[in-house]
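Across the two complexes that follow, subunit A remains constant while its partner is subunit B and subsequently subunit C.
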Partner chain A sequence: MTGKINTIAGHEFKTLFKEKTFVLILIIFILMTLFSTYIGWSSRTTVENVYQETVKKLIADGAAKQPADPFIGIPVLSIIKNMIVYVFLIGSLLAIIIGYNSFLRERQSGVSKIIFSKPLERKDFVLGKIAGILYPLLIITAISFLISLASVSLITGKMLPSPSIFKLVAFYLVSLIYMLMFAMTGLFFSIYLKSESMALLIPVIIWIFISFVLPELTSALNPNALLNPTNIQSATPHGQFLLAIQGALKPFSVSETYKLISGNLLELDSASSSLSIMKIFMNNLGSFVFIIFLLGFSVFGCFYAMIKFNACEEEIYE
Partner chain B sequence: MNKNINSITNLKERSQILNLQDKKKLEEAVIDVNGLTKRYKDFVALDNLNLQVNKGEIFGFLGHNGAGKTTTVNILTTLLSPTEGSARICGFDIGGNSIDVRKRIGYLPENVKFYENLTAYENLSFFAKLSGIQNPKVKIFEVLDYLEFRGFENKKMGEFSKGMKQRIGIAQAIMHEPEILFLDEPTSGLDPSGVKKLREVILNLNREKHITIFMNTHLLSEVARTCSTIGILSHGSLIYKDSLENTLNKFKDETTLEDIFLNIGNRSKK
Partner chain C sequence: MNEIANAVNRNIKNNSPNPVLTIAKKEYTDAVKNKLFITLLIFLLVLTLVSIVVSSFGFQGKIADYQNSLKILKDLGKITDVKTPPQFYPLQMLKGVVNYLEIIGAILGIVLGYLSIAKEKGKRTLQLILSRPVKRSDIISGKILGNTLLIFSVLGITMLFIYLIITGIGGALLTSTEIIKLLLTIIFSYIYIMFFFCLSSILTLKISSLTQALVICFTIWLVFVLIIPQIGDTMDPDNQIPGGFFQSMNISKPQEKEIMAKFHTYETTRNAVEESSITKHYERMSFALLGIKDNYNGKNLGYIFKDRWRDSVWLLSFLIITIIIEYSVLSNKNKNFKEF
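Take a look at the complex of A and B:
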């Protein structure tokens, strides 16, 4: 990376710290990670306790056969399954704010005229901004990963096995890509649109469409999939027309792709625990490539918007 | 002779001294504008502007509000693309060699703005790095010393007065030692002492660092005290350009520069 890209990225990161935006988002993520582990552990413990009580009662009643432990075969990583929901609902929204804020800062402060009078290529400016957005997201996901790893290991009383650690890493990488896609969307609209309110509103509408509308159209009849990641795809009682729509839109429903891949990586059921990381990605290759395509498209959009950006937009008739 | 120029109040005496300084310098057009036109749909902001500014000049670009002065500076600083025409800055085309142009210019926009929650030093450090300065710290303190502005570098920009911001604005514009400094209404919003300080800085930059100054203004008193050459822009067209000395000689009957400005304006209307 050239010096000027680094300068922009470093400046971006420094300003995020000064504005306390980064610290606030980091705190939210740490809390989310801790909560997801706590909720996972708590619900598991509750069910386990109920099971133990039931078994005791059955034994006391003289039952010859006891039901199987409901957590036998359920991998331990599934404890943090709520992280999937937090990332696709809250993480993506926070990413939009980081991206949107990134260029708004120059717009609001009015320093863009000075910046673009310096010997700086606009592509370098965009690359610096992207790096400046990537760094904090990377730090946030890395810290979240370490907390997840430590807390799951603490709960189970032993270190996670290597394959599970790799799956946890892969989950956070997918989460990073997913959030980066929204951050780039926020950055694009903050450069492209003159209206600050529209520059925030449109990415939020896109977020609503991706997070709620598309899943409604593709998996509405499988309500569990809307909020809780699940691999169980029950047959829908609808006609062929709706099925055709669902089939056509499914590959483009990126939030569902994210939930599905993440669900498999966090081993939400015994079936997915046997899948390798490669197999999980290969099973969802088309949809995952679509997420990467959207990320690339929004990055390209940022370059395009920056070339078109007029640093003198407030004074064109002077 | 140079030492006392700030104290000379007689317009003709001042212009003679400035003109003499000019003649000593190379007669080299560092700003060469040819047929520059800028249209916004039906509105013509600049209409076939032709203009040359020589090395070492302090060029006062005069005109009423909306005449096209800021548009000209925006185009010459490569912030805006012209609809037609071309311009060369220090021999580099503003369209094809914009990075080379920017390396050679400094720019102080009207109502200069900074990152308010960062200190003056942090702002200057950022702009110094963007300008490609290898050792920003040394350069920042050198420039702040030159502008007699040490001691404020750790204050946040949000706490600065307009005049202080202008100084930091000048600092960011001259840190990389540009050949040309573009000033867009530099005295706008400043109190009298701020105006006086800024005037001294402009004259010193020209005299000591040999920076060519291109100054947009509609304050004739400032032009009279600072500039060696003036150009008058009206409705996007250059209607007058000459040295301050020649201008004062041509319009001997007019008592003030304001009268001369109105006279030229009236002539162009006819």
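Take a look at the complex of A and C:
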């Protein structure tokens, strides 16, 4: 059984890296990982200089008191805070495409009909597909981790302390789980739906709903404001009605949970730098369990869709 | 045989003067029957509703906070003069709607562009139409015209929906100037969506695999609509602190300008990053027209266009370039699209 799963996973893995679209998005993701450190460092350096100029200006204008530097004590790991948004944007879309392509390829070429005429259990096939999706995501995450670690160390001129390295590892593990959830959604719809374009569009709509609509309801932040990692911990809606909605929906707003946990792990402010990894997860336990539940649910959905899939009759169309 | 080819054929037999109109009509009716299009339209309307409801509750919350603070100050006897309360500008509630049009509007354009070509490629009818005495440019003109009407219909429905919510639920009446500004926003929204339509149809024409074409379209969408504006936004020094860096320092706008003048190169780079995305131009133009940016609120159209003319020119240039490319791709006489 394991042999069959490994064969399917291995084939999946090899095919994926031959696909131009996958390679294109992968390159964008890796480049953005590199850029995120540079952008973070450049913004921080500039804003510190802007602060110095502001102080000079205030003193020149006769201000009696010098305002406190808002950037004092902000941990070094927060330089890569943009990675939270890149995983949330590019990583998730990449994951949807990996999941979507995974079964679509077999359906388009008609191979699915041949595969299911062989003595192969459908659950083994799904397990193979899941493993074939997991391996590239693991590699992408590992590469991003190494790039982040190396670039932060290079820019700051010293190696990150071990607690920060552990937090970076934890951040990428949470990111992997988050991306896997979307990959499974992509796989589910590529098995379940008969239309190629709908199979891609529906997961994208779900992604938009999770990424922008739910957070807008729970934080009253418009979609653009949600893309600024600085706003993660400051989002509080006005009014009783929105506060009530926030209370009811916040635990289910998985993108906010991801951003909140990630923001704490990447020490976006000095308060979060004092939190241990365990404490960060315990503070968001219910919401994090919900992400795991959604991941499990989408995996279950893939098995269910595959059992229901009629290889003899199903024809996929544009 | 595909209906479009039949329709074109009928026109030729009947000496009908305009195949462009026939193709346009077919494009329109095909799209409104398409599940994908209907799904997106419903999603856009739901998002519009969510966004306006959230904005209106947010505004009511601000008023309530203001009244409470005023009451506390009055009770403490600390108030000497009453500051201006938060003003209600109904069009400012459309900030979220513009953001959603940036995201979903672009997807709508991509889907329409994809469907417009994919249906011909899937049924191999493009070669059939090309074998008839129909100019290649007429095919593109028909497709663009049909989808122009469709996009205007979608925007019309969305804006009517917005108007009904603002006037019916919000109880606010729009002035004639505000209605004109809303109509101009529709025109700029059309230009923005049409750009993605053309981009998507070019890629679907050029790339042999339809799935790959759609994935590449979504990748370009991700870069233009989300990544580039996000980079520009997070590079803004004022966005490094929740609530704004300069506000936290009690710095006025003129002082801020004076300070930022010393960071000219950084700001020019940041602006160049933002300006490479059509989304940012659309956002700047719409925010100015709708008065979402405070400095344009209550200003006349002359002032807005004088200040933001570059964005309208950029938007038009993006669209014109893609339309030219689209005509040149299909008009390429050497290409018979056999691979479809």
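One rule holds in what follows: the second predicted complex is superposed on the first by the 269 of 318 C-alpha atoms of A that agree within 3 Å, B and C clash if a C-alpha of one lies under 4 Å from a C-alpha of the other, contacts with A are read in each partner's own complex, and residues count from 1 in each chain.
Here is the rule we go by: a contact is a pair of C-beta atoms (placed from the backbone, for glycine too) under 8 Å apart; a residue touches a chain by one contact, two chains touch by 3 or more.
These numbers were taken from a predicted model, which means no experiment stands behind them.
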item: Subunit C versus subunit B, contacts on subunit A by residue; value: C
item: Subunit B versus subunit C as contact partner of A:Ile155, first or second or both or neither; value: neither
item: Which of subunit B and subunit C A:His11 touches, first, second, both or neither; value: first
item: Partner chain in contact with A:Ile177 - subunit B first, subunit C second, else both or neither; value: neither
item: Which superposed partner A:Leu193 touches (first subunit B, second subunit C, both, neither); value: neither
item: Partner chain(s) touched by A:Pro119 [first = subunit B, second = subunit C, both, neither]; value: first
item: Subunit B versus subunit C as contact partner of A:Val213, first or second or both or neither; value: second
item: Doubly contacted residues of subunit A, that is, touched by subunit B and again by subunit C; value: 317-318
item: Subunit A-facing residues of subunit C, complex; value: 35-36, 39-40, 43, 47, 50-51, 54, 57-62, 64-65, 95-96, 99-100, 102-104, 107, 111, 114-115, 118-119, 121-122, 210-212, 214-216, 218-219, 222-223, 226-227, 229-231, 233-235, 237, 239-243, 245-246, 248-251, 255, 258-260, 262-263, 266, 283
item: Subunit A contact footprint on subunit B (complex, rising order); value: 40, 43, 45, 65-66, 68-71, 74, 77-80, 99-100, 102-103, 105, 107, 109-118, 122, 126-127, 129-132, 172
item: In the complex, subunit A residues that touch subunit B; value: 3-4, 7-8, 11, 14-15, 18-19, 105, 109-111, 113-121, 310-312, 315-318
item: Residue ranges of subunit A in contact with subunit C within the complex; value: 20-21, 24-25, 28, 32, 35, 39, 42-44, 46-47, 49-51, 53-54, 57-58, 61, 67, 70-71, 82, 85-86, 89-90, 93, 97, 101, 104, 108, 195-198, 200-202, 204-205, 208, 212-213, 216-217, 220, 222-224, 227-231, 233-234, 237-242, 317-318
